[in-house]
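Common to both upcoming complexes is chain A, partnered first by chain B, then by chain C.
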Partner chain A sequence: MTTTTSPAGAKSNSPIPAPSGRLHRMAAPLAPHATAARVAGGVLTIIGTYLPWATFVLNEGRYPEQATLQFFTVPFGVTGFRLHLLIFGIAAIVLALVRVPGRGRILRGVGWGVVAVSILNGLYITVEGGGLGAITAAGGAVAFGAIVALLGGVLIVLGATAGGIERRPEWRWRLNPWAERGALVVAYLLLLFLVAAVLTAGGTGGAANPYSGAVFLSFLGALGGLLAALSASGLLNWVAALAERHRVFSVVVLLVVALALPLTAAGNEYWMTVAANIGVYAATAIGLNIVVGLAGLLDLGYVAFLGIGAFTAANLSGAAAAKFDVHLPFALVMVISAIVAGLFGAVVGSPTLRVRGDYLAIVTLAFGEIFVRTAQNNIFGLTGGSNAIPGIPQVELFGTRFSDRIVVGGIQLPAGVLYYVLIVLLVALVMLVFSHLKESRLGRAWIAIREDEDAARAMGIRTGPIKIMAFLCGATLAGFAGAFFAHKTGTVSYESFRFLESVTLLAAVILGGMGTVPGAVLGASLLFVLPEKLREFADYRLLLFGLALVFIMRFRPQGLVPDRHRRAELAHDPADEPPPGGTPATRTEVPA
Partner chain B sequence: MLSTFLSQIVNGLILGSLIGLIALGYTMVYGIIQLINFAHGEIFMVGAYGGLAMFTYLLPTFVQQQWYLALPLLLIAGAAISTGVAVLMERFAYRPLRGAPRLAPLITALGVSVALQELVRNFYPGATAALPFPKVFVAGTWEIPVPGGTVPLRWTGLLIIVLSLVLAAVLTTFVNNTRMGRAMRAVSQDPDTARLMGVDTDRVIVLTFALGAALAGVGGVMYGTDLGFINIDMGFQNGIFAFTAAVLGGIGNLKGAVVGGIVIGLVKALGGQYLPGGTAYDYVWIFVVLIAVLVFRPQGFFGESERVRA
Partner chain C sequence: MNAPVTAETPDRTGGRPILAASGVTMQFGGLRALNDVSFDLDEGQIIGLIGPNGAGKTTLFNCLTGLYAPTSGTVALRGERLPQDPALVTEKGVARTFQNIRLFPSMTAEENVLVGRHVRMKQGPLASLLHGPKFKRSEAEARERTQELLEFVGLSRFSDELARNLPYGDQRRLEIARALATDPAVLLLDEPTAGMNAQETEGTRRLIFAIRDLGISVVVIEHDTKFIFTLCDRVLVLVQGELLVAGSPDEVRGDPRVVEAYLGAPPEEVEAQLHGATDGEAPGGAHRKEDTP
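Moving on, here comes the complex of A and B:
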């Protein structure tokens, strides 16, 4: 029943040949003592976890001001990052002593998690005035918590590397189909709780909660370690293979799980609003992904289509400042907005007949700037200029305003939950459209054009109309999102559609991975959740963002979720990144 | 009537020669590594802030008051800062991407552009708002008499026109007549063959960035001197205009960049005066010109039409 192609023993598992890189060279002297190093790292991590508590509380001293970061008001009561460190430490010791397939790789993930958590907390304590890594000299008491834990993490990483990083084990468990579906449901429920935990980690930032950024980042660090370990254990690939086998089922479950978010800890008005905004940008990013990711046409003025959709909806919504005195039903407004945006998309796309590559990028940038300028000048009285178009009415259905709180089956749901449901359905629809387009004849033509336009033309693809179709489809999706945006926010101003927004959308697509659906959603979520959570860095948001673009292009141009077709071309380390599951036949077996 | 028209021509020439100066940097970099260096506008902005920093923090009062001492020092400071930033940018952002797919460096350039703007905004004291720039050059205007009135020409405006044209001429001479200039032309034609012939292509590329940046830095200081204030957005807009100018003149062509810049300046000044919508729409006209040129004559005024671009 349970078979694995990967040899189970760690010793028999030959490490990847010719280990190179600085890390390997640093770890080499440790090779004879790999297990000892791993255990020592785990122990140090646990000691680091308890050190500040031991220093201050055992000495019956007052706990220092940074207590909010330390979570030690209750002896042994570990929550937050101390809990994560404790778990990582124990896991490291257990893994060092027990043979598990791929354990070197798992340990490396755990180690990096410890490093990330302890660096982040150490830095915060240092910057917030607690002294270097919680060395609080006040009263003579000294605690090296963060530094000890950091040492532990480094030791785990080095020990894991020295002991040899095995190939990622590949699980080929095949269970009863219903059991497999059950496993999928469990996996998705875990995902839901993970998402809710990420959203609520650290609480809402602001003056009342100065450590929310620290707690959130630390949580992300721990999460990164956990995901790295899970991925190293091969379980993530197994779940992915399951999802592939039960595709329709998993899509339905995923949708239900997404709709269940309001029932979790993240179910309050604030997060419903943030999630709705993320949804708008995710839908727009998927539209942009058609143009950039599939057809390979760089569009630097794409947010204009979101704007055109939003202004169209605003003018048809019955708002007092609207140009037309009509109030159409929301569904109709959405369709009209999408069509108008799509038409503009075809217009903007028409230069693609003559212009290619980065010249095309500049043409789209020029269109985007023209849109912003004309909207700013309230052209034909359609955009309200600097007054914007305020007072767009809320969407109503059967007499219920979408901004109201509602009660379903005795459960009080937060305000804005209907908008959340609507945007989830909208994003699901957009994803469906995207994935069908991608697999269609049209989508394959786009990809062919992206790879080599001349060759595509030689193969009989009529490149001109097909490129315009890419702009048209992408703009239509953005128009849909724009109509939603107008009603949700209630005010549409040209300020929301500046060049920087286009760059942000582009960054979302690139960060997530060009040409993939989860990539665009993940990218949009990251780029809009992070600023929400890290308010204390608000001044540096754009700076980090610009640097992030540079670093992504430098180190991971394929994005976080690379496209399968592209993965082969762009993956940097073929030994480290085997092709995704489903092609076991081509895998070389590791000699025992 | 005539005086209004001529005044706008003068305004267009001032703006245009400044844009032409920036466009030289675009056109050289594109000519040599086919990269739209989006961050070049920010190099221009950084130069202006470099000049301002020199004036505010380094120059003693008696030097500040003598324009023939202060102006050259400011120009040198602006050029030096811009060059330094551009060389770092080339080394750490663009060089690792040589040989990457075409879109990668363009996106990197966008990132560098955003990052530079934000660096200045966050770390230059007071840069969150527009900062006053010292008018170190002779103030006042030359009222040129014409039938039916006078045409005002600011002395700083005249400085911009003259200095831009002189610098463009110096650069052209350098590229056409020196050994290094010949190496630049060789790399722009065929980098691989140039390397085989013993040209150090990395050095040539750095030099190209440095030359373009120095001109942009000088431009930034002159812009500040003329307007009396600078802000962090000045780079983006003028950078786009300069790119338009470079394309208009035929990208890769030095003379074309200057001519293109002057055309853009005239379009903005005359369009704001005479076209419907007035100055509120003058930017729109520039972008319309940009689109029209890219669509109908992508090789520009002086570009070679046979060059393959994709």
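Moving on, here comes the complex of A and C:
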């Protein structure tokens, strides 16, 4: 019998969560000295930033960005992790002494930020320097920076936990609507600079800058701490509420902000290309989100639809190796590719009428494999086999090739900026389609099928056609992205559409948060930025990447930007959830 | 509690039949779950369906709603034979609730009821994509109707709450609201008061009367015989897949066969039957777990 209300009941009956978990037990003895521990943690962190971090000059010379011993003696001559730590340390001391709502929670975020930054840098120096000696003492040089800062971070976390983690404060501010819009603009501009900073942190990497991976990760750790602290203060929720209140406005501003990325530090050809690739996968991930996130149908061969779109576009593009000797305008090619992919989607979706769950996953896996093999063997001469289809012409508009650099109003824009603009618009369109579908009769039917297929049928939903619609819509969106992909990269090869790509897409959807648009975009961005940024770790790249996935899933199973429904389902922080409707659900026992 | 309720229950036998089951038989392999069950449900009538566990009550519901295809026999709504597809049956106007609540747990109460409006909404895929004025109108209509229904079952305050977080009794009521959203002519309720206390049961009784007063005919499965006898115009007793007795609550209540089916035969007889049972029809069979979809 159903006892679905029991978790909710347990949750809402305890407004202040009972201290539980290992961290709470560890912190318990500190409880009387929580404030002292917090201050001490902050002080240690600051001391750590002034201490030397390595006992020698690293082999390649500079880490980060500054040569010689300066790095060890002049903390703020370099931009980088030490500055972040200093800010965290000061923040911890201030918060320990000043009472602000939710400060225990904020401090915990700050503390984790310190821990992450000091562990990452300490580990990196240890590994590169050949052992623990690199961060402790060797040849008369003493470098306890990493250890002291780590200790400080741990103390902050323990002190914060010992003092009690309060419920996240809820800001009920209502400003003048225009002031609220102004606040939103500021928030989005900050977001833009944050994105640019993440992209440029540590430079573009490669042989010229061997530490870029470490600097980037350390920046990410600091950013994580900062975001955790901001979220704990209730600020992020407030901004989200603002965005909800001025929905259209915030969408427009967000679009403008996204289009402004080429004007920031990230505005070079390299990042324009990476961003275009991210866009392709983000659009595809949103399509997959319809199938997996909304309708709950696990598709393990989804990248095939991206491939079908790409090969369709390639064959209609006028490339020398194309099967058809036509050169259609890009807009038309896109529509045709989307339709073809959509039709294949409907075909692949048809087994869903007969198989469910694991069996469906196997069928889709097989379809993905069929597609790759077919393309590899150049069946019907449509895919070029292992030669691929090279030489796909660039998209042109009024005689301007999209790969050229252009000058607008005296500002020199990087090459590839037009592709960037195009993909931003395309992703925006795909987002619009997704959210429109989600908020409709069709979208509700998909979600109902995901929740309980039999009950959905009993409510009059013809599950067969509706499920096929999910595949059709998802594949259509992937087809659009595929057409763009073909023209942007200029070459379409079956190798771009292997099983691993399907898995990565699925990971993007799950990581970002199932059923949400920002989630899919964020997931796709992470999954394609991280490998770019971690190139320095060459051999360990996939290992690190996999570890990162495992950690995110362990500590945030609902995804980075969870659907509000899924958040309720998987959140295990009871303090976050207000009791439903003010009325606790109590009756849970059900006689059979 | 009995007197005022029976007073509210005028004799409603003899209206036009709306749902007719004739000779419904359901065979699962060697097990005959239903054997030649026939009954008529008249317009505006409340029929109660009682019987021991495993008597085939839920199986009968599943046959009526197209979830199972009966081995033989037919089910007709207003004289028209019902298709064997739950979605189409619901479209024709037969809605149901489930014995073990089957809401969409991660959707809000409002969304659950909106899903119930699915069959009555004219909104194609293209409209879903474009969100034109016609879409907005149909969406607004559906939401208005949803709020009416939530109000009707007394759940307005939970409109934005996830179904999984509702108290148990309210989940049952939400399931009824969701079924009502399909604008049914006939509503089938599978144990609507299971797990409820006396007060909630009384609330459910009033709700079912209110539904009947909307002109919807109701079939109720329930174990609580007191509830059934004070609610229904007619009562059907199902025992081991066979329709044992059908009649007014008073007739059924007084029938010795019903007492026997419920309380079992006197102990000596059971003993004798157990030892003498050779045809496989052991009385213990009545404790078979109810079939659920």
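The rule is short, and it goes like this: the second predicted complex is superposed on the first by the 506 of 592 C-alpha atoms of A that agree within 3 Å, B and C clash if a C-alpha of one lies under 4 Å from a C-alpha of the other, contacts with A are read in each partner's own complex, and residues count from 1 in each chain.
Please note the rule applied: contacts are C-beta pairs under 8 Å (C-beta built on N, C-alpha and C of every residue); 3 or more make two chains touch, one makes a residue touch a chain.
Just so you know, these numbers come straight off a predicted model, no measurement behind them.
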item: Contacts of A:377 with chain B and chain C, given as first, second, both or neither; value: first
item: Contacts of A:186 with chain B and chain C, given as first, second, both or neither; value: neither
item: Partner chain in contact with A:443 - chain B first, chain C second, else both or neither; value: second
item: Which of chain B and chain C A:557 touches, first, second, both or neither; value: first
item: Chain B versus chain C as contact partner of A:28, first or second or both or neither; value: neither
item: Which of chain B and chain C A:469 touches, first, second, both or neither; value: second
item: Partner chain(s) touched by A:457 [first = chain B, second = chain C, both, neither]; value: second
item: Residues of chain A that touch chain C when the two form their complex; value: 1-2, 4-5, 8, 12, 433, 436-437, 439-445, 447-448, 451-452, 454-463, 469, 565-566, 568-569, 580-581, 583, 585-591
item: Chain B partner contacts - residues on chain A that touch it in the complex; value: 296, 298, 300, 351, 354-359, 361-363, 365-367, 369-370, 373-374, 376-377, 453, 499-500, 503, 506, 510, 539-540, 542-543, 545-550, 553-554, 557
item: Residues of chain C that touch chain A when the two form their complex; value: 65, 67, 85-88, 90-91, 95-96, 98, 100-107, 111, 114-119, 121, 123, 125, 127-131, 135, 138-139, 142, 157-158, 161-162, 164-169, 171, 178-179, 182, 194-195, 197, 293
item: Interface residues, chain B side, partner chain A - complex; value: 36, 93, 96-97, 100-108, 110-119, 122, 236, 240, 243, 247, 277, 280-281, 283-284, 287-288, 290-291, 294-296, 298, 309-310
